[in-house]
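Take a look at this one; I'll ask things after.
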């Protein structure tokens, strides 16, 4: 089939070269003459997909970007048999030589693309008033893959990092101790809880606006647990208003566990970890009220925050509370840095629970993060060298092809 | 049973979802979509817990006549009204033009827009308080913020220089800062997930 | 625009609530408390109704009842288990639902964070460095900025000596980013206030016209 | 407490009051503050100024109502400038939700200057696949648009007589709120060597400056600020100038308070 295709396109090229070309020069500006057709059309399963797509490639028409330069677009046509009726499946602008013919995976969908079925393709080069068609390519069959080759760098990265984390944790388990440098925001936590105790005022802990599926919120749970333990030891009240019912449920378990760790399960009060509303600014309005009326001595803002970050931080500063913040939401870090006393920036938020608990296993995971960072930095330096000296292959190692 | 089995569930579902990402086949695509629906559906059911919590806190304020209990009555009325209006006519209850949506547009929306607008005031007071040239770090913060804000101020020929400087800040050091933070977040978040999946961090599950 | 009595009343409510919130700038007061408490109840009720009709119905009711996807009963059952939290004695059963929730959420996140936050940022920072024009030099500065800022995030090494210097440059670079982020946002926040003032500006004349 | 210490600890309500005044007064009593005209805006203005009456400029309105606040003032100023100089316009609207909005704008401004459709301007309207449309117009406007927005064949419009493609217009000004802008640069300029200038939203501005440096575009109007500069150049101040004046004053207030805080800080430190 392919061979025949090639031959027909050769014939066509020959024909074009000796007949159409001189003619077209005579009728130089006449767009009614068809352009040379696209050649070497190939159709095959789209790699790394769910099995509802075929990729078509071709060689550009002679008038695309060269010759008369009057090709505007390519149309891609499909048929179920080489001689059957071809229907237009899509169009791409001139200069492009690939097209992915994809469809829905649901059988009931109008645009359903059946896998494991033979299809034939043609590509049409279009000018203003005319077009020309390539030979027929195919049959091509769409089928799904069981591994996404383009995601290999992600796979390797994930696997390597997982091994590093587990390795350092097992080292820690064997009793190896890891040093961690002091972190200003963390050192402030003890002082802040102590201050609340002295003043006899409650501590406010805000988990942010994220759901329990946001990793920043999950990191915040781990910090909340350590802080709840400390507040239980100090017999200080901790208030946790939530904006998501699941977050509330998990926060209740987390705080309760903290009180148990401190040996004070009797002091745990579920009603202090409550739900307000899920709507952003209604929630913020209520938290503002809590800060001013409960006169909280210390406010923690740790998790996912959006525009409300600054409203909370400014209201807290009006109330005279000590404020410790941390988020992975890039746009909000500046406001926390400006308006709160201590800010855990990005990765520091994720490291905080290890710092607070000083549990060796978690410190081991921190060490793994540092090792990964060192590898990233080394790769970056090598990558920059590779880019400067045009070693494309090195960059490809890190490129994810979706 | 109370703790070990949930930890095992986290491990199995977590590892499965990681592997799923690398398999483009449609059977796994289906599982992914199905799993995301699990999260949504569990979240929807939990809403009743949320409503119960809000009601209980408000009612107990009213019962104990805590300071400002009258305001809690307003919360309860607002909640009950919206729940009733939002349910009594089936799924037509939340269509445009109903009292339900009128309340949304004329009570919720103006309050949320005004809360949002408060930021114009707070950004000014935060800038006043925070941007003092106390240390090298705060001076850097202050100077960059000034350069960026001065874009909008006519400074004659200096505006041209400031414009160049501002767009350099945005495209060079600002870009570098973002990238570094993102990489750090990527590693930190991944490590946090792994700690959850492998059951090293399990406080969120509660004890007993 | 005020055109009839209903909109006149609604608009007046909206304007009143707008002033209630603005009054918070002076200090906490009963008017703010009114707006605050109403909006908490109203928004929670609104959200719950929305979850019911736009969440529960299309995600659970329709798949099971209309499309016969019985397997959607499993997450429905896990959802029901969350309600064991109403009882102190059986609340531990809700852990099964939470376990699935957390397992799925963290599992989905791992490769995405590795890909979008680590690899993608890494590859877009692998820029060619040269000295033919400013771009090549700026690329070098970006790379150095990223390296120093990453050193700042090292937890297991003390920031001393060369490492300390790099970490300090790193945190300075981060501060430049934060200053820029802060400065850029002022304009958007002022726009929000302008919109609010314009809302009030439109309300009063149109109310007067209506009363006349 | 000394005077300088007091400067450091102003009650924040004074700051709120200053911001309120800075925003409310200009909304009620419009005024204008001086504006520095950046060269990338001036070059767009000069380009239109130097176009001769009867020549054609291509204006691409590639945004939808979401971006109106920032981009509508640009489109208005440019259309007014062109019509007042009897320059003809070919206008397209390739953003999916934009054509209706663009039509309203065109009919409004053309009435102001008593300009006729088909004679003084042509409105092509919308076609899907903007990449292909932009490429095809480089061949001939009639490929993607056999008729104009109102259904009249281009061949029967007097203004389109002998006007085939980008070669027959003086240049292209694309006002865009999304990724269509890139296609004008890559296709119209990259492939057909048309002169292209841009109007973009504030958040997009920094991303498009590199194209100015590389000479692929000859001018950029960036966000509300670019729009207000343009209004100032065309001596017809409108919404952009008003909005920008408020912004300028509000920014000045913020900067002033930062300075006050720092003066207080330095002076009280000096005393000790």
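Worth pointing out:
First chain written, first letter: the chains are A, B, C and D, and each begins at residue 1.
Keep in mind that, in the parts below, a residue touches a chain if its C-beta (ideal position, glycine included) is under 8 Å from a C-beta of that chain, and two chains touch if they have at least 3 such contacts.
Because the structure is a prediction, the values reported are computed rather than measured.
Comparing the CA-atom centres of all chains against that of subunit C, the greatest distance is found for D. Remark: among chain pairs C-D and B-C, B-C carries the greater number of C-beta contacts. The distance from the centre of subunit C to the centre of subunit D, each centre being the mean of the chain's C-alpha atoms, comes to 30 Å.
For this pair, subunit B with subunit C, the centres built from the Cα atoms lie 3 Å apart.
Rounded to a whole number, the gap between the C-alpha centres of subunit A and subunit B is 17 angstrom.
Computed from the mean C-alpha positions, the centre of subunit A lies at a distance of 32 Å from the centre of subunit D. Each of the following residues of subunit D touches two or more other chains: 12, 16, 19, 23, 247, 250-251, 254. Within subunit A, residues 151, 154-155, 158, 161, 213, 215, 218, 246, 249-250, 253, 275-279, 281-282, 285, 293, 314, 330, 333, 335, 337-338, 345-348, 351, 366, 369, 373, 376 each touch two or more of the remaining chains.
Counting partners per residue, subunit C has 21, 24-25, 33, 35-37, 39-40, 42-44, 46-47, 82, 85, 95, 98, 101-102, 104-106, 109-111, 113-114, 118, 122, 125, 143, 146, 150, 153, 174-175, 177-179, 181-182, 185-187, 190, 193 as the residues that reach two or more other chains.
A complete topology is adopted by the chain contact network, contact being made between every pair of chains. Of all the residues in subunit A, the ones that touch subunit B in their complex are 48-52, 105, 144-148, 151, 154-155, 158, 161-162, 165-166, 169, 211, 213, 215-216, 218-219, 221-222, 225, 242, 244-246, 248-250, 252-254, 256-258, 260-261, 271, 274-282, 284-285, 293, 307, 310-311, 313-314, 317, 328, 330, 333, 335, 337-339, 345-351, 353, 361-362, 365-366, 368-369, 372-373, 376.
Residues 18, 21-27, 29, 39, 42-43, 46-51, 53-54, 56-57, 60, 67-68, 108, 111-112, 115-116, 118-119, 122-123, 125-127, 129-131, 141, 178, 181-185, 187-196, 198, 200-201, 203-208 of subunit B touch subunit A in their complex. Subunit B meets subunit D in the complex at residues 120-121, 123-125, 127-129, 131-134, 142, 145-146, 149-156, 159-160, 163, 167, 170-171.
Against subunit D, the residues of subunit C that register as touching in their complex are 25-26, 186-187, 190-191, 193-194, 197-198, 201.
Of all the residues in subunit D, the ones that touch subunit A in their complex are 12, 129, 131-132, 135-136, 139-140, 142-143, 187, 191.
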